[in-house]
Amino acid sequence: MEVKEVIRVENLVKKFGSFVALNGVNLSIVGDGITSIIGPNGAGKTTLINVITGRLKPDRGRILFMGRDITGLQPHKIVRIGISRTFQVINLFSGMTVYQNVLIASLNRGKYNKSLVEDILKSFRLESYRDLEVYRLPHGLQRLVEIAVAIATKPKLLLLDEPTAGLNPNEKDLVVELIKDLEKQIPIVMVEHDMDIVFNISREVIVMNKGEVIASGTPDEIASNKYVKEIYLGV
Amino acid sequence: MVSEERRSLLKMIGAGVAGLVVGIAGGLALAPEKVREIPKTTTITQTITKTETPVAKLPKDTIRIGVLGIRSGTWATYGTLIEQGARLAMEEINAAGGILGSKIELSIRDEAADVVKQARELVEQEKVDFLVGVDSSGNAMKLGPIMPELNRIVIFTHAATHRVNEELVYKQGIKHIFRISVPVYQDGILAAWIAKDLPVRKWAGINPDYEYGRVSWDFFKTTLKALRPDAEFVSEQWNPSPGTTDFTKWISAIMATDAEGLFTTNWAVEAITFHRQAMELGFYKKIKAVFNPMGYSMDVAYGLGKDYPKLEHGMWVSGRYVWFYPPTDVNKRFVDACVKRWGRLPAYSTETTYSAIYMIKAAIEKVGTLDLDALIKAMENMVLITPAGVRWIRPQDHQAVYEIPYGKISGETINVGGDVPVLTDVRAVPAFLYYRSPPDYKMPIG
Amino acid sequence: MKMPRPSPELYGIFLAAVSTLIIPVFREPFYMYLASLFMIFSIFSMSYNILFGYAGLLSFGHALFYAGGAYTLALFTLNLIRDPLIGTLAAGLVSLILAMLVGVLTLRHSRIYFSMLTLAFGMLLYALLLKWRSVTGGSDGISGIPRGGIIINIVDPIARYYYIYTFFIAILASLYILHRSKYGLLIRSLGANEEFLPFTGHSIFKLRIAAFLISGSIAGIAGALYALLMGVVTPDLAYWTTSAEPLVATLVGGPRFFAGPILGSLIFIALTTYAARIADIWQLVLGLLLIALILGSRGGVLELVDRIWRLRR
Amino acid sequence: MDLTPIFYQIFIGLYRASIYWLIASGLTIIFGVLRVVNFSQAVFLILGGYLAYTFYYGFTGSFWLSILLASLCVGIIGVAIEFFLLKPLYKIDVTYQLLMTFAVSLIINDATKILWGKLPVSIPLPETLGIGVSILGRTYPLYIILMILIGLLIYVSITILINRTMWGLRVRATWRRPEIAESIGINTSIIYTSVFFLGGFVAGLGGSLMVAFSPVAPGLGDFLIVSAFIVTVIAGLGHLTGAYIASIIIGVSESLFTLYVPEVDLLLIYLIMALSLLIRPQGILGER
């Protein structure tokens, strides 16, 4: 009996030519909180996110979101079903204002309430920048906007692809604080390289290598897992 | 000054007579009674009265004429040919003291850049008094309807669609439009009149896929069928135009039939390309006779030069004017002038535009004013002695009636700024036999 | 919400609206004709910019809808209902349907594909207009388009002028509302970052179709107005060079701006009128102009104006 | 029944095919590697014709030498365009690169008119090519056979060039993922330039060969580019073999239809396009 299994991935395979990015990935995320996916470069973390969010079509396997099969759906459909994401390299309507970015995201599914946009801007402390084009903002703020946009689509699951990549320490703290707040409202899956962050805020950690999940568990379990240490932490 | 005018006048008359002789030689006897009189009477009298009663000077001392031609794109060369005719006439007339003392000025425009805009600007901004030229039939059909609004006379010198005279002038009664060049009649109907006597029964057509090609082929078929009931039309091919660089597939498609004769209205670069490729494919080993109504327009004649194929029953070519016909002084003088000025034999649209300017001169000199209605009246029924021969401006639809010969490529060439094929067996059928005429514009047969 | 950029645009638009309003007072037919061309061409270019400037779709076949509209009006008023107004609306409708058909075939493809396909579809109509002579009059086209009808009569040049003017203003206004609306924002987001759009939960295809339909139908109306102005329609309306004209105008004016196409049209009309006079090399002129814009200021003239405007404040 | 007509019609179709192919091949490699649709590719062809004319009458008087020089020149012009006009645009939206090549085609159109005048130009076929093989009352001109073979030759040599040479290896690396190519130390900028040279060269070759059989006049490029676009679209952008097949499909079917249903001419190519869009939107060899 599965009590709110958020997402379940079964035997997911994705090849690029001869290179196997995902080699039969299985995982299941149950309950709220932050799940972090870690692993060396080329382990297939980002590919996994891309396949889940419909950016890439899997060669085999299926993806169940809250019990519903979303394998190979178009990205915008998946967003409407309730999964939104951010990108390693910040991806926004950079020529448009902060307000417009959030507004666009809030507009899907036809219905639109002004207050939602305002609330998000407030809770992300972005009101003062609302009418600035995004490209004029510093990197950290752009990252906030990106997350704000993701939230504006009213997701039931949030996927963050290296949310702190390329941020300076202060900016990192800013983002981490934010993620902690969000965790209370919505389950989060996050790909992250910064181990301190991972082991501080994660409820569960999933370790990938060579396109496979090689371990998963609480931060402590993972930290103490010999196998993981060898192939990943390299200790 | 005066004496000079006298001399040139005498020449004119002489030429007029010569023109007539040719006309009669051409077989005026066949023409309907009424028509036959016109050249006999009016030519001479008109020319004389013109100088006997000296007219008052015009209100303005320059007469501005707007010249429209295609000056960009694939057919850009045609705009130049029109310009050459206009310039030559202007230079001659101005050198000879202008029109009743007023000098001619030209403004030359690219009709391909929105002909209506160009015409409006010429008339409404540059205040030109007349418009001449226009290469494309489509543009003629665009320009024609706004002439009453512009309140000017336009003389078309190339656009050949029969709809200009039959619809715009005759049916819609737009009196401001005249055409001094021949309509498609010459290209389709006249060809049939000559084709009927050839030992060729099975005909095929490769024609440019637009109104000119369609209509000409249609005229050719209907006429020939009527004149020669046993004629057969075994294949119809249509090539896009402009823009066809490769005729091979149409040529070979016709070679797959048992056609002995070919009718093609391809012209300009496409005529050249067509004949070259036909030769390469051995097409003319099979085809015994060809009619190419625009095949002797100068760009094609020069373009093919010595290579112009000579066929068993004739490579029959023509133009809306051919430089050697009629053999009158007027024509000789014109041809010499052209060769001197432009280094090449005159193309048909050069002659038609040249004559159009002289037509304006004649009209103004006749009425002595620039009053539009008077000028229109003067031009209607006017008989002009032009390089292309005696032209009668048919009053009902303002279409110039004159005859154009067809001739066979002889294989000989002469060199005038390039090799030009010489024609033999030149056939001139009186215009009245192949012009469609109001009111019904029936196909003129027998 | 407040304008993205409080720019001189609005003043410019207002100026255009007023000056075109008073032109006929001067009784200069040539300038009335140029002004009519300008208004029609502006409508055409504005419709084009919904694709190019908003949705980031480079079309070489917009003449399809322009010519489609022009021929619809000609055929409709001559054969069905003899009225310019109904004819104009019919033209808009037919172009809308055309846009639907072509859109479904072309809009699922990448943008480059789209550009090439639109060129081909535009030329398809061109070929049809030449071939289907019994209906379209072939290369001579259709002349004698009626200006007097059961509802309105625009036989008089001035009346015709203000008929065009009315549509110019109406379309100007409605497109400005679209520009400011949330839907307009969504369409512009296509051009802003198409790859990202799906992850905000919007379908690229649906928005593209929407843009295409709006753009196509308005281009159709522009075509109809052109047919009424000229009284004649010919196949060259559908030739691909006709599609290139609003493109150039838009680029000159500034694709990112609402007023871009309008300013562009003004410059374009002036330029072609002038360039055609100095010589028969206006393709060359346009080409050089394009290169200058692409390398210099892709935002067009308005981008420069906008920069200066920002500096001043 | 006598099969000669059909056979001959196919023969002619193959000739048309290689004209299309001589434009489409350039379009394809340039797009494949640079992701640029070169709108001026057909104008390159016309330019090749004009240059061959100039070299023939102005300098060499030799058919083959003129063709070689003309092809090289067009190749170099291609390089110049790529270097000065396109390089600055690689960072920005693809549509602007397409626009740039469009502007170039406008300019070359009028330039040819200014430089070579408005009259069509052509050069005579050399005696060696003037002759034709006569079979069953049909002449198979050596020239046309040559053109068909050259089309094939170009296909083969480009394929070898790309699949068997070091340069080709780099090109293939750049073909799909320039960023990766850069990361493994390939100088993509040189690859781009060389590819543009190749594209120009092929077009120039086509044009200069063509001018001996089909005179060139200003503006002819406009008509060819549309067909070439349709070919590449049917092929699936960037698919060399696809483009070759598509050229043959279009060329031959156009030719055959002329024999049996001449009326669909002019429309046929668009019908084929619409059809292939419905059946194989991704192109003959394109994968979704």
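As written, the chains take the letters A, B, C and D, and residue 1 is the first residue of each chain.
The working rule: contacts are C-beta pairs under 8 Å (C-beta built on N, C-alpha and C of every residue); 3 or more make two chains touch, one makes a residue touch a chain.
Since we're looking at a predicted model, the values are computed, not measured.
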Shortest contact path, chain A to chain D, counted in steps: 2
More contacts between chains, B-D or B-C: B-D
Label of the chain whose CA centroid is most distant from the centroid of chain A: B
Distance between the centres, which are taken as Cα means, of chain D and chain B, whole angstrom: 39
Chain A and chain B: spacing of chain centres that average the CA atoms, whole Å: 77
Euclidean distance of C-alpha centroids - chain C vs chain D, Å: 32
Residues within chain B bordering two or more other chains: 72, 76, 79, 209
For chain D, residues that touch 2 or more chains besides their own: 110, 113, 222, 263, 266
Contacts with 2+ other chains: residues of chain C: 130-131, 280-281, 283
All pairs of touching chains, each written as two labels joined by a dash: A-C, B-C, B-D, C-D
Chain C to chain B touching residues, read off their complex: 28-30, 33-34, 37, 130-131, 133, 137-141, 143-144, 157, 230-232, 234, 236, 272-273, 275-277, 280-283
Of chain B, residues touching chain D in the complex: 72-74, 76-77, 79-80, 209, 235-240, 242-246, 248-250, 252-253, 255-256, 268-269, 272-273, 276-277, 280-282, 285-286, 299, 303
Residues of chain D defined as touching chain C within the complex: 31, 35, 37, 85, 88-89, 92-96, 98-100, 102-107, 109-111, 113-114, 222, 226, 229-230, 232-233, 237, 263, 266-267, 270, 273-274, 277-278, 281
Parts of chain B lying in touch with chain C, wherever the complex brings them together: 71-72, 76, 79, 109-110, 112-114, 116-118, 120-121, 124-125, 137-138, 141-142, 144-146, 149, 161, 163, 167, 172, 209-212, 214
Chain D contact footprint on chain C (complex, rising order): 52, 56, 58, 105-106, 108-113, 115-117, 119-121, 123-124, 127-128, 130-131, 240-241, 244, 247, 251, 280-281, 283-284, 286-288, 290-291, 294-295, 298
